[in-house]
Amino acid sequence: MPEPSFLIIQSLNGLTLAMFLFLIASGLSLIFGILRVLNFAHGSFYMVGAYLTYQFVSLFINAPGYFWWAVIFASCTVALLGGIIERLLLSRLYLREELNQLLFTYALVLILSDFARILWGTEQLSVSRPAVLKGAVDIFGHLFPKYNIFIIFLGPAIALLFWMILNKTRWGRIIRAASLDREMLGSLGVNVNRLFTVVFMIGSWLAGLGGALVSPIAAIVPGMDVEIIIDAFIVVVIGGLGSFWGTLLGSVILGQVVSFGILVFPRLSMVFIYVLMAIVLILRPWGLLGKPSQR
Amino acid sequence: MSRQNWLLLLITLLVAGIPLTESRFYIFLGTDILIMGLFAVSLNLLLGYTGLVSFGQGAYFGVGAYTCALLMKKAGLAFPAAFLVSAFAGALAALIIGVFCIRLTKIYFAMLTLAFSQIIWAIAFKWNSLTGGDNGIIGIAFPPYLDSGARFFYFTLAVVVLSLYVLRKVVNSPFGRMLTTIRENPERTEFIGINVKLFQLMSFMISGFFSAIAGALFGIFNHSIFPDILSWPQSAEVLIMTLLGGMYNFFGPFVGTAVMLYLRLQVTSYTQYWPLIMGTILSVLLFFFPGGIMGFLQDLRVFSRGKK
Amino acid sequence: MILRVEKVKKTFDGFTAVNGVSFSLEERETCAIIGPNGAGKTTLFNLITGHIPTDAGRLNFKGTDITHLAPHRICRLGMGRSFQRTNIFPRLTVFENIQAAVLAHKGKGFTFFKPVTPFFRHETMEILERVGLRDYAETTSGSLSYGFQKQLELGIALASEPDLLLLDEPTAGMSAQETHQTIELIGCITREKGLTLLFTEHDMEVVFSISQRILVLYQGRLIAEGTPENIRHNPEVQKVYLGETR
């Protein structure tokens, strides 16, 4: 029986992972909720965010606060990229069957993944943690990185920020309405095209931010896009496509399952997360916190 | 015999002549195209004819490949028996998975098929003692009387032609017509007296059966199997081949496979960035040629109104 | 009595669409259901045809309890339906649309190895003739005009040789002439085949010209029932329709 302190560290690891999952999955869920597009390329935006952070860090390395500037620039660039893709390309497929949009996002995965390979090669890249967050703290006799603690606090902070935007601002109300009934919005005088682009940009920004923030603690390699998107799918399925709190819940659940699963059932953990996904889809397709009417 | 059937016969005879060229390259490519083409056509039974978007067809391909190889290597079963059993294994897997997936619609259906195929992939990946894990199964030999590239090519040709013959009959039958009405409008089909879910499940099983046949052939052809044939990027690639050829045409997927495999061979000899090319082709398809190659040709009236 | 609807109720997310509706239909009757938008007419149809499950109440068709029966089984018992938004098979030709319905009705769906084209040509052409679409047999149905699509819809419903035909707003979106033609056609077929007809409509002229009985639905409840004359002079009904001119 492992010591309690060890368990605590493991669950903190799980929470760290959960926060990254939350950033990406919430963007995915948002885009699906409003645009009804399951964006395969979301993992690619995450990857691009990480690579761009590496690039901006080397660019800004001599400036004070270079890491934070890099994160901001990287995530905003990804948002811009997302906006351009949505406006110029994706939107032309809206009138077609959903399969077309889905496949286009997959085409983006292929294209972006190779672009990353072309620009940055296949070697693993890394970014060092910002000075203020280097080092670790002692938690019950174990060392836990300060950077990870920052992430664990940042996650809920961003969740809170978004919750406030969704519930307290005009744009937020429009977005919530859009997820319930898109067609009505047009007749209420809302510029639906602009809404879609903005939502896609916000979603992409979240993914890019996730990638930017993960760059100091994860390997920046080709393949990180594919890895994260499947996890993101599992999160939104468990939590409920289109549900904000569901995404948070799903992220926490998956984060813990992965973190402990690797220890408890190393051989089965991989199978287990997919089994979990299948079970949720079979028994409760709309997820733990989604609504049945939202099909 | 109709004009179309004469054309098919001609093509089959031409293809049968490939081993006469004594080119190992063309025999190899030809076998590859035949096998993957069958896989694509069986996928299209679900996609183009029944309107079900499945991301997990790789599961049945993989089940067929692994079952055949394992039965031959570990159970010492003779090839014909192993081959038949793996086909039915594919149908059985499709039945089990299908029963759960059929209850869902559209995006949830797609996600569940993905989940199941990932489960099977993860099992193949981790169950080292049975499947060899990510080292796969290697050293799968040609069966005794098919022990050359050319002989196996002829065998594959025979199996694929027979399979396509059967599938084409099914697709052009009343059953096939019921599938297309389900594709067009499942709600309406329910109210002309059809148990839609039952028909979808049957389509699933037939598709699984032939995908498994393709998988079994694949395992022997490559003399090895690795778990990645079960992965979703593989399933996605076959999906793209199907779309490239045209999903509303029976032979479309076959044409798409041939074009794509040939292209891939050519491109990968120049550059490692095949995914980029594939992604671009897919995008061009989606924006400008939604009917794929066959759809495009039909629009040009090169072929008369093709079979739907 | 061919159809009996007993205290049927349906609630969606707290909103009660159909609230304890009861009525019955005699054979060969032509009955209209009217009511303002949102009164629950389409929901009621969907409950009768089994497309959505009831929360309470019973449904009895030709002596069989169909309350929990799947739509395709209900159809096989002899119910046909057209839908409000045209529900056809767009990529199939007009001929193939009807033929599919005939194939399904005759139970030939499980035939795997015979080519489909020659099946039931005669029966299909007959139906096409009946709904006036014989010249369009080889046209892709999705490219037909709205009016013709509605005719095709009727043809598909008829192919199931129903005893009870449910038509959801059969003349919606039609010009006066198209409406007249459609109603003539429906009336003809109904008499010919001895069908029981239950339909919803907004066009009051249509309703009053062909119905033998009218049911008035308002906010999920049946507020009036009777002959056209009775309904026309019913004060409740007039109140509900105040402001609606036709």
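Letters A, B and C name the chains as they come in the text, with residue numbers starting at 1 for each one.
Rule of thumb we're sticking to: contacts are C-beta pairs under 8 Å (C-beta built on N, C-alpha and C of every residue); 3 or more make two chains touch, one makes a residue touch a chain.
In this text the structure is predicted, and so the values were computed from the model without any measurement.
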{"item": "Chain closest to the assembly centre - both centres taken as Cα means", "value": "B"}
{"item": "Of all other chains, the one whose Cα centre sits farthest from chain A", "value": "C"}
{"item": "Chain A and chain C: spacing of chain centres that average the CA atoms, whole Å", "value": "48"}
{"item": "Inter-centroid spacing, chain C versus chain B (mean Cα positions, whole Å)", "value": "42"}
{"item": "Where chain A and chain B are represented by their mean Cα positions, the distance between them in whole Å", "value": "33"}
{"item": "Residues of chain C whose C-beta touches two or more other chains", "value": "none"}
{"item": "Chain B-facing residues of chain A, complex", "value": "38, 89, 92-93, 96, 98-100, 102-104, 106-111, 113-115, 117-118, 226, 230, 233, 237, 241, 267-268, 270-271, 274-275, 277-278, 281-282, 285, 295"}
{"item": "Touching residues on chain B, where the partner in the complex is chain A", "value": "53, 100, 103-108, 110-112, 114-116, 118-119, 122-123, 125-126, 232-233, 236, 239-240, 243, 272-273, 275-276, 278-280, 282-283, 286-287, 290"}
{"item": "Partner chain B, residues of chain C touching it in the complex", "value": "49, 51, 70-72, 75-76, 80-81, 83, 87-92, 96, 99-101, 103-105, 108-117, 119, 156, 159-160"}
{"item": "Chain B to chain C touching residues, read off their complex", "value": "169-170, 172-178, 180-181, 184-185, 187-196, 199, 248, 308"}
